[in-house]
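Every chain is named by a letter (A, B, C and D) in the order it is written, and numbering of its residues begins at 1.
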Amino acid sequence: MLRNNRVVLGVIGADVHAVGNKILEMVLTEAGFEVINLGVMVSQEEFINAAVESAAGAIWVSSLYGHGEIDCRGLREKCYEAGIGDIHLYVGGNLVVGKRTFDEVEKLFKEMGYDRVYPPGTLPEEAIAHLKEDLADESATD
Amino acid sequence: MLRNNRVVLGVIGADVHAVGNKILEMVLTEAGFEVINLGVMVSQEEFINAAVESAAGAIWVSSLYGHGEIDCRGLREKCYEAGIGDIHLYVGGNLVVGKRTFDEVEKLFKEMGYDRVYPPGTLPEEAIAHLKEDLADESATD
Amino acid sequence: MEQKLQNRRWDDSLFVAERGAVLTAWPTGVGVDLADAFAFHRKIPESKRAHGKLSSGYEQGRIYLQPRAGVALLSEHLVLLAKLELEGLADFLPTTIDSYTRQNRYEEAQKGIEESKLAGRSLLNGFPAVNYGVANCRKIVEAMSVPVQVRHGTPDARLLAEITLAAGFGDFEGGGISYNIPYARDIPLEVSLNHWQYVDRLCGVYAENEIIVNREMFGPLTGTLVPPCVSHAVGIIEALLAAEQGVKSITIGYWQGGNLIQDTAALRTLARLGRRYLDEAGFADVLLTTVFHQWMGGFPQNESRAMGVIAWGAASAALGGANKVIVKTPHEALGVPSAEANIAGLLCTRQVMSMLEGQPLPPMEALQEEEAVIEREVDEIITGVRELGEGDLARGVVRSFEAGVLDIPFAPSRWTRGDIIPVRDQKGAIRILRFGGLPLSEESRNFHHIRIKQRGESEKREPSFRMVIDDIYAIGKGRLVGKPR
Amino acid sequence: MEQKLQNRRWDDSLFVAERGAVLTAWPTGVGVDLADAFAFHRKIPESKRAHGKLSSGYEQGRIYLQPRAGVALLSEHLVLLAKLELEGLADFLPTTIDSYTRQNRYEEAQKGIEESKLAGRSLLNGFPAVNYGVANCRKIVEAMSVPVQVRHGTPDARLLAEITLAAGFGDFEGGGISYNIPYARDIPLEVSLNHWQYVDRLCGVYAENEIIVNREMFGPLTGTLVPPCVSHAVGIIEALLAAEQGVKSITIGYWQGGNLIQDTAALRTLARLGRRYLDEAGFADVLLTTVFHQWMGGFPQNESRAMGVIAWGAASAALGGANKVIVKTPHEALGVPSAEANIAGLLCTRQVMSMLEGQPLPPMEALQEEEAVIEREVDEIITGVRELGEGDLARGVVRSFEAGVLDIPFAPSRWTRGDIIPVRDQKGAIRILRFGGLPLSEESRNFHHIRIKQRGESEKREPSFRMVIDDIYAIGKGRLVGKPR
């Protein structure tokens, strides 16, 4: 059993890639999560507010259009400020501009405070398995 | 004016690639050379005999199929033995097995005693210009 | 505040009044001077003018190739475009604009420029033309020897158009529908249509000064299973709206769906229908050309597979016929392509296109049927829009999106209902499973129904949203039609 | 010495007598033991048997992919094939034999192995199977999980067949015409036909022991502007000769000419005609499949362009229909491909083929016409061969090549007249400019004449050998039809 099955979902920044977002919502819902889908062009503040309001267990940030490196910076800090510093932060999509090795990208986003970072074309199922683990772990240590 | 306009032409070894050979014969002939075309599957001995017999100014060796590195070795030595040590030896085609840098290949064949070495896809016109130069030089130093 | 939306050529007074606000939205706006712009354009040699090149290509039956490309720093952008021209043999060059500029977030774009300078690589996904201003942008036009087009995705592109046109660009992509619904979330159509009337009117002003700027509509929309009748209707409506404002050269587009017969039928009907609608509306003097986009959906990650998708797009364009092709790259699934990846896409496309020169798909029944279907559907949709507009096409568009008479699947915008559900049939043609409010006749609906049913039967499953998702993933997984898992 | 050539199944006594000499031509020959070979074959799982896989693919309408590959050293060959299977997803694997072995120069092949060991890279253009012998070759068959075929170009492949078949290979390429005329200079057809009767008889013996070895004919011949009627006639004749010796599974081939309609027509008529001729000759029990070779002529050097050629070959195969495709690589113009280049070709092909699954070219007039032309021509040629043979097909072949009734352009062999001159028409279809001794009717000739004339007029030049040379260079320069310089 999961302690918390609420996930805030959205595409950050000025990014309008909507297809993956719609699919993520569907697949997360099918997997038993309650999804608060903010859609596209979501600001960091909107993510934080939604997560606080819903007391969500995780935030799933998508960034497809390349500006992820700029848009995603500082979200973890904002989580701390809002008192949800330990929320699970996942990020995925085409996170940086151009083709770069994923190791490099993963390092960059982990340093920004994201717990899990996914390369382009990740199938949702993979991350959902991690989410179940992460949220289950939590209940175990409670 | 060229002192010698006779060229011995052939595809060396067990190589049967005939198309380029037919075209080279045609283009050399059109450019005013007398072509002794030995066709495909030509042995080193056949090249030497034809060159001696016709007192040719140059031998054009083709190798397309990859065994050039084995087949072409020793031809210059045989030229010396036959008393035509200073004949112009050109070689072209797909000279080695696989894709290797042309610099490497050129060095290899120059060391074998070939005066001019051509990469895959060389258009005949380019080598004909060199041949005219080489055979003209000769008359100048005569 | 906003002037009431109508499909009528803007009064000069209105245009001039609005211009003031547009040009002061960001400091570089003051660099725009129309008289100077016209003078600059007049000195541009014919070979670099989009309209002229399109029109001669149109007559000779040539198919031009164009990549997408743009980076944050001008110096790098110049190097990039020069490579695409010289090594990639591009016939038209792009200047793709970054996403902050597209949302008029010039401050963030500025930050992107600064950070890119520091990082030594582009942190923006395009070239922030507004921030660079007229003089800098002119360097692009001057440095290249083929026409350069502005490609973006900007609901409010008034300032971008002012600056780039003044900088000598002669080709500008976008439209009030196609650069809103797929590219924005909250912007009402009244607003974007109005802003694009401004852009079109600006081009009209250029045209009245003998400078013909080509306007290209963004055919692919969301790039995700959009049925041809929908994108055709949108493109044709945008063309009519642009012509009304005095635009004299228009390109409408379509993207590779993947089924050869449907794609060929779509390309041929797009040209034919577009011409017919323009002529009927009294715009026989407008040059209408078509552009074909290679596969716009999710690409396979593997570069060799991506090259296969690209080449099949090239073949479809050659067999179907178009005036220009927008070329993808083997990096598509991964990130903004390097120059090398872009060149790879261009040369692969070039090779296939020239091998297929003179080999248009010959007449056949299957093609005739598909063409007739698309033509009927487009007519039905545009009739529906006109009815709702009660005599005004622009108003019709707004009301149609409200009613679902126009509707674009998978869009981020809340101004489209998103009620249509498209899905592929067994041969991979894009059909419609749920019609939402689309005003299609019984006959038209039946056609889709039958085709989708065939697939359902052959896959032994009820056509559903699951099937649609399988189709969305399909090309990435190496197929056109999504397999049941 | 040579037994008088006749198209009649060999007597056992003759076969046994000749076998002795064959197996002692090189030391490894003694390793061949038929009883042991049959036992080994019987243990091979169904999924690794070429005949079984071809026949189930045939029924399901699948198109298989197969690369070419072979290197001098066994250990490297195993690694190479494993990569092509696992990363390239090849359905059939090859073992391409080196050129010394093809000319029975086993000593030179041995030297090649030694030098390759020293150099640490392959100095041979293929795998010298004879030198390795039965036990080593079995390692290849054992290590892979898909069928492995022997691909070569050997006029006298008797020992190669004995060794590789005994090693468990179940698929063997070649024929007395297609592995002589394009692959040798001096070997008379009587000799090569006789040697290939031996190979076919050997397969017959296997078949009589319930081991069905597939025999594939080499359709592309010289890979240079060969008109479909010529290669079809050759392939069908080779199939008939093989069936006579007891072969039960035959693949005949055709290579991409580049014009979609001609290629589709050629693929469809190849299957139809081949079946008809086999049935009429009483071989209804022989499985007949077709193989399509991607572009076999000179390739462009640029790898992205090469990928375009490859993808267009893939599309043509899918639109036309075939049972197997032989895949080229982006290294084609440069040298024997690396594993990576081969994988690139395979994945690109795979992507296009599966995108086009279920999209065969629909019926149309242009296709019907082209099919009718090819069918008539092939019938005319085979009738001519039969007439010259006075009741014996093998004899007919020999006399036909003497008379030019069969003739292959651009071949190295002096046993073909080389009087045919092929050239492309305006749409890129391969037509015949000079017919030499080809027994084509007035009607057939006229068709070629008209098509070539159209091209001459449009290019404003007399069709000539210059035009042919332009066509030979064309693909390398990025076109299908050679432009006047």
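Please note the rule applied: a residue touches a chain if its C-beta (ideal position, glycine included) is under 8 Å from a C-beta of that chain, and two chains touch if they have at least 3 such contacts.
None of the values given here were measured: they were computed from a predicted structure.
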Practice task
Determine the shortest chain-contact distance, in steps, between subunit A and subunit C.
Solution key: 1
Fill in the blank from the handout: Farthest chain from subunit C by C-alpha centroid distance is chain B
Practice task
Could you grab the centroid distance between subunit A and subunit D? Build each centroid from C-alpha atoms only and quote it in angstrom.
Solution key: 55
Fill in the blank from the handout: Chain centres from averaged Cα atoms put subunit C and subunit D apart, in whole Å, by 46
Problem - Whole-Å separation of chain centres (CA-atom averages), subunit A against subunit B - result: 66
Exercise for the section: Would you pick out the residues of subunit C that each touch at least 2 other chains? Expected result: none
Problem - Where subunit A touches two or more other chains, by residue - result: none
Completion exercise
Here the pairs of chains that touch are A-C, B-D, C-D
Completion exercise
Interface with subunit A, subunit C side, in the complex: residues 98-100, 102-103, 105, 108, 111-112, 115, 121-125, 153, 182-186, 222, 224, 298, 301, 331, 333-338, 341, 410-412, 465, 469, 472, 476
Problem - In the complex, subunit D residues that touch subunit C - result: 258-261, 300, 302-312, 314-315, 319, 343-352, 354-359, 362-367, 426-428, 475, 478-481
Completion exercise
Seen from subunit B, its contact residues with subunit D in the complex are 13-19, 22-23, 26, 39-41, 65-67, 69-70, 94, 96-100, 120-121
